[in-house]
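Each structure below appears as structure tokens.
You will see two complexes here that share chain A, one where it goes with chain B and one where it goes with chain C.
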Partner chain A sequence: MEYWKDETEPIKAFLKLFENASKDEELNSGLKKVNQLIWFDYTEDGPNCSFNVDCRGGEIKVAAGKPEGKPDLVMSLSADDAHRSWSNKLNPVMAITRKKIRVKGSATGLLKLAPKLKKVAVIYEKTLKELGWEDKIMK
Partner chain B sequence: MHGNTGKILNVNLIAGEIRVATLPEEYYRAYIGGSGLAAKVFWELGDLNADPLSPEAMLIFMNGPFAGLKLSGASRNSVAGRSPLTGCWGDSSCGGYFAPELRYAGYDGIVITGKANAPSMLVIEDDEVRVVSAAEYWGKGIEEVTRRIKQRYGKSYRTLAIGPAGENLVKYALILNEGHHAFGRAGFGAVMGSKNLKAIVVKAKNRDMSIAEPKKYEALRKELNSKIKDALASQVMHENGTAANLEGGVYTGDVPIRNFTSNFWAEMGEALTGGTLTERFLTKQGACAFCAIACKRVVKVEEGPFAVSEGPGPEYETIVALGSLVGSMDLAAACKAGRLCDDLGLDTISAGGTIAWAMEAFDRGDISLEDTGGVEMRWGDMETVINTVLPSIARKEGKLGALLADGSVAAAKRIGKRSIEYTAHSKGLEAPMHDPRGGGHGLALTYAVSPRGACHVATPMLFMEMGACYYPEIGFEYELEPMTDKNKPEAAVTAVELGSIENSACLCQFADREISIPEWVDLFNVVAGYGWDMNEMMRSGRRVFYIKRLMNHVYGLKAADDNLTSRMMEPARDGEPKGIEINFTGMKEKFYSLIDIDPERGIPTRRILEEYGMSEEAKRVW
Partner chain C sequence: MRYPDINFESFFTWANRPRIMYSPGLRRELGYEMAQLGATKVVMFTDEGLVKAGVADAVAEEVKNSALKLVGTFDEILQDARIENINEGAEFYRKTGADAMVAVGGGSVMDTAKAVNILVGSGEKDFRPLAEQAGLWEGAQPLPPHVAFPTTAGTGCEVTTAMVVLDTEARAKLQVTHPYCNSDIAMLDPELTVRLPPKITASTGMDALTHAIEGITSTGAQPISDALGLHAVRLIFKYLPLAVKEPDNIDARGNMLIAGTLAGMCFVNTMLGAAHATAHALGAFYGVPHGFANAIMLPVVMDFNSEHSPERYMMIADAMGLDVAGKGPLQAAKEAVEAVIRLKSEIGLTETLKDFNVPADPEKLMPMVELAGTDGQISYNPRYLEEEDILGLYMKAIQ
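Up next, the complex of A and B:
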């Protein structure tokens, strides 16, 4: 991995990112509209390198690892590309076309979030600072 | 011959003469089919100088080699000839169900000249082909005509019909298959109307096709269908239609607003996007023949001023053209206006573009109530658009109908007052609903150099800039940044070649995006037996682009006509692309150089024409 020293680091960063994003009114509302159980699968970088977001039923729950129930959507990619993606430095359409991101399930909900990626990137940068990982911030 | 039948129906409506002709086999290899083969036929046999609405004008419907195959997105058809809207080369592609039936009946295409002396309909039942009276359908809307034809002949008869707009020679009148699949652009409904041809009906007894390598084809077909169906984009479009990413487009500045004066309107994005259409009005999905994507919408608006019964719903272009472009974020109104345009026989893109221009002209005071016959043209007033404006245009009624029935460019020329500056078009064809300032600067280039005028489906450039294309086998590995000129001329060369291939093979852009270039080649080889490699396939694409350019040369177009209006080139006023300049001249000059087009005359050089086996064509222009 180019940006992470081990598989725990990206998950720590992304869980914190979602915790912070949920506090933002616009993103919170946007996530709830997605209304899906999503598994972000980075296990190509380690068996425990994944987390899930459950936006169903008007609540947002984030947890490490694979979800217990069957996810509505699985996004599989490397932890480095996830870092690029949350930093808004990876064109998601291009990444999907080139198989850097593999998607299983309905991505309709995610389309609702796509316009908010810029805002997510701002929160991600703050999150990395909070964690003392300024060196990981992509310029 | 495989895939193709080799047979064309020649119909002369003056003489009532119907002949079956064959085309030289080399035409198919060189120009593929669809709009490419139609261009070659038009170039060789058409009266190029004929007014497009005169009896001498030639109207061509042409299949690609894959029509009738049980393959997603492979059964489209092209209509082609001289456009009455632009006066230059025009073609338009349609999905639906006409192409396979025509192929099964034994024909690759129909070439129509002349003018019937009374309203007529062409009926094709295998080798029984006749012209019959359509007097009872004249003056009727397409919905009624389609329903009555099917009542008369049977549900399985496939129809093409025009509405009142085509009869009245509105220059952006369309032709509809099955009452809702559109040959939308460039005004060929008016060409049919000028020939007194209300409809074409086709029915075949059998479903036989000759395939060059049936076993290999069957294996390839299964693989491709599965790839197309499983693709993420297909699933998204199945669920939410072609407008699935409209809201995303609003945030990149791709969606035009109020006659291209704005590139951002957040509330509109959410109100008009495909997911909202699904939630509010979708009753079921619809599909073209053999297509597993099923991106078509069937909708019902239960109540309110824009209530519509269950039936065909709007696609992305219609939602935007009759939504944000005219200042409306009322999705029910877009559903109703789209349905009305279908029935009247109007292209929604040019209708929306022309109405948006008129709304801005009214807003600026460049047209008055005197010019419109008392109709107030206010942004977002969809009741007036639906109840007054669209019917007036289709029936050429009153001052308003007369002003707007020839399109925005003609209207602006009539009004003057520099109102041409806020038209949005290239070569007279109103721009589609992707604003190149936000959608991508390469799109500005491909709109401008497209032979038929501003067109988003002439090439896959929109998808290329979006990141949805990756063709390493032919050197397209660029990661394009939409709002720059970097690598755009190079990408545009690939785009015009691929676009020419797909529009000639009559493939759907949504389906064929999932097919790799080697698979495209395999498909041509196992179905039509062309024995191509990638280079030969790409050369055919280039050749199609060249012959259409030659046609426009005959119509007096030069390199300077490869342009966009100042409205589309000025830096965006808001949204993501705000303030960004398009390096249009730089892109265009490099594109010409890469594709061997003379920078003054706008036609391929003599040397390149000869290199592409077009020496005879070269002699006519050099």
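Up next, the complex of A and C:
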């Protein structure tokens, strides 16, 4: 991995990112509208390198690892590309066409949030600073 | 004009699969080319209007004159590719026992045909779960032979790896991509476009112009796409007024077909912007035909964006034939907006959103604003838009 020293680091960063992003009214309501159990699968970088977001039923629950139930959507990519994506430095459409992002299940809900990636990137930068990982911030 | 300082993403890819052939009367090569692709039994996808106008027959005749067998014509394609219609089309394809398809039509026909071919190739029967997945690249395999004859000079669907599908239940347009969904051969035969009414010629031509301009100004813009988009702009500004005024002018029709294809090859590699995002939502909520919606939104969006990528609009102004020498990029950008407005007037596209019964009531517009704000294409607009910006664009376009 280019940006992470082990598989725990990205998950720590991404869980914190979702915690912070959920405090933003627009992103919070956008995520709730997705209404899915989503597994962000980075296991190509380690068996525990993944987290899940359950935004069904008007709640947002984020947890490390694979979800217990069958996810509605699985987004598989590397932890480095996830870092690029949350930093708004990875063109998601191009990444799908290059099979760097692999999608399984209904992605229409989550893709509706793609235009908000610029806003997410600002929150991600703050999150990395909170964690003392300024060196990971992409310029 | 001296080439301005232009930025583009430091990493980009450019890909385009189909072979493109051009000639007035090109349909006479159809039998030979489809046989080269391994076809023996061909099913045609088109719409009722093209059957009535004799355009579908002109192509069908060439299949019959060849060693190929025409085993059926599915002419029930509606405006905007629709999931139920796609599923019916795939069932029709299978029942005929065809091993290849020819699509004859505009964007709705070609997008429907692409989706049908994905269903046939994958053995699936319902397109809905595939449409919801949006990106169908993982494990994608080449599809059965597919030749497309665009009958409008506009959508670029013959070459793009994307299709837009109307979900009538969700009142949304879904954008779906598949690496092999575009035609194996895009056959550009301008003789098939001469019966296109002036209004449709004009609106589909504006669709092509919007593809080119948004492709050049997208955040994903890159030099190869720039070259394609800028030449499309040159051809459209020269030949669209001619094609509208002289429907039988094969030279004008041919150059417009080429422009539509170039613009498609431009944007499929860079994506688009706010004009398309707002146009998709207009289609979903008020049924505004895509070409008209783009024609209305394009100058409004260009004006909104002009200060954020003036150098790119300056290149566009130059391609439009405007004298921009010695002018600053922003002035050139503003003149490009005026040139689009003049072009629309010249080709008789004077409609505003009022003419499509879009209400000038911000509250009523908000669901459409929300939909446009979540459209995938809006991410590629050179200027970031909040919902109030999108509402502002619509309000301006209603006047």
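Here is the rule we go by: the second predicted complex is superposed on the first by the 139 of 139 C-alpha atoms of A that agree within 3 Å, B and C clash if a C-alpha of one lies under 4 Å from a C-alpha of the other, contacts with A are read in each partner's own complex, and residues count from 1 in each chain.
Just so we're on the same page, contacts are C-beta pairs under 8 Å (C-beta built on N, C-alpha and C of every residue); 3 or more make two chains touch, one makes a residue touch a chain.
Being a predicted model, the structure only gives us computed values, none of them experimental.
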| item | value |
| --- | --- |
| Side-by-side fit of chain B and chain C on chain A, or clash | clash |
| Contacts of A:N91 with chain B and chain C, given as first, second, both or neither | both |
| Touched partner set for A:S29, first chain B, second chain C, both or neither | neither |
| Which partner, chain B or chain C, touches more chain A residues | C |
| Contacts of A:T8 with chain B and chain C, given as first, second, both or neither | neither |
| Among 127-135, 433-441 or 613-621 on chain B, the segment whose C-alpha atoms clash with chain C after superposition | 433-441 |
| Footprint overlap on chain A, comparing chain B with chain C | 91, 93-94, 96-98, 103, 106-108, 111-112, 114-115 |
| Sites on chain A touched by chain B in the complex | 91-98, 103, 106-108, 111-112, 114-115 |
| Interfacial residue positions of chain B with respect to chain A in the complex | 232, 235-236, 239-240, 244-245, 247-248, 250-251, 269, 275, 466-470, 479 |
| Interface residues, chain C side, partner chain A - complex | 9, 12-13, 15, 129, 131-135, 137-138, 161, 172, 174, 177, 179, 220, 271, 373-376, 378-379, 384-385 |
| Parts of chain A lying in touch with chain C, wherever the complex brings them together | 30, 91, 93-94, 96-99, 101-108, 111-115, 117-118 |
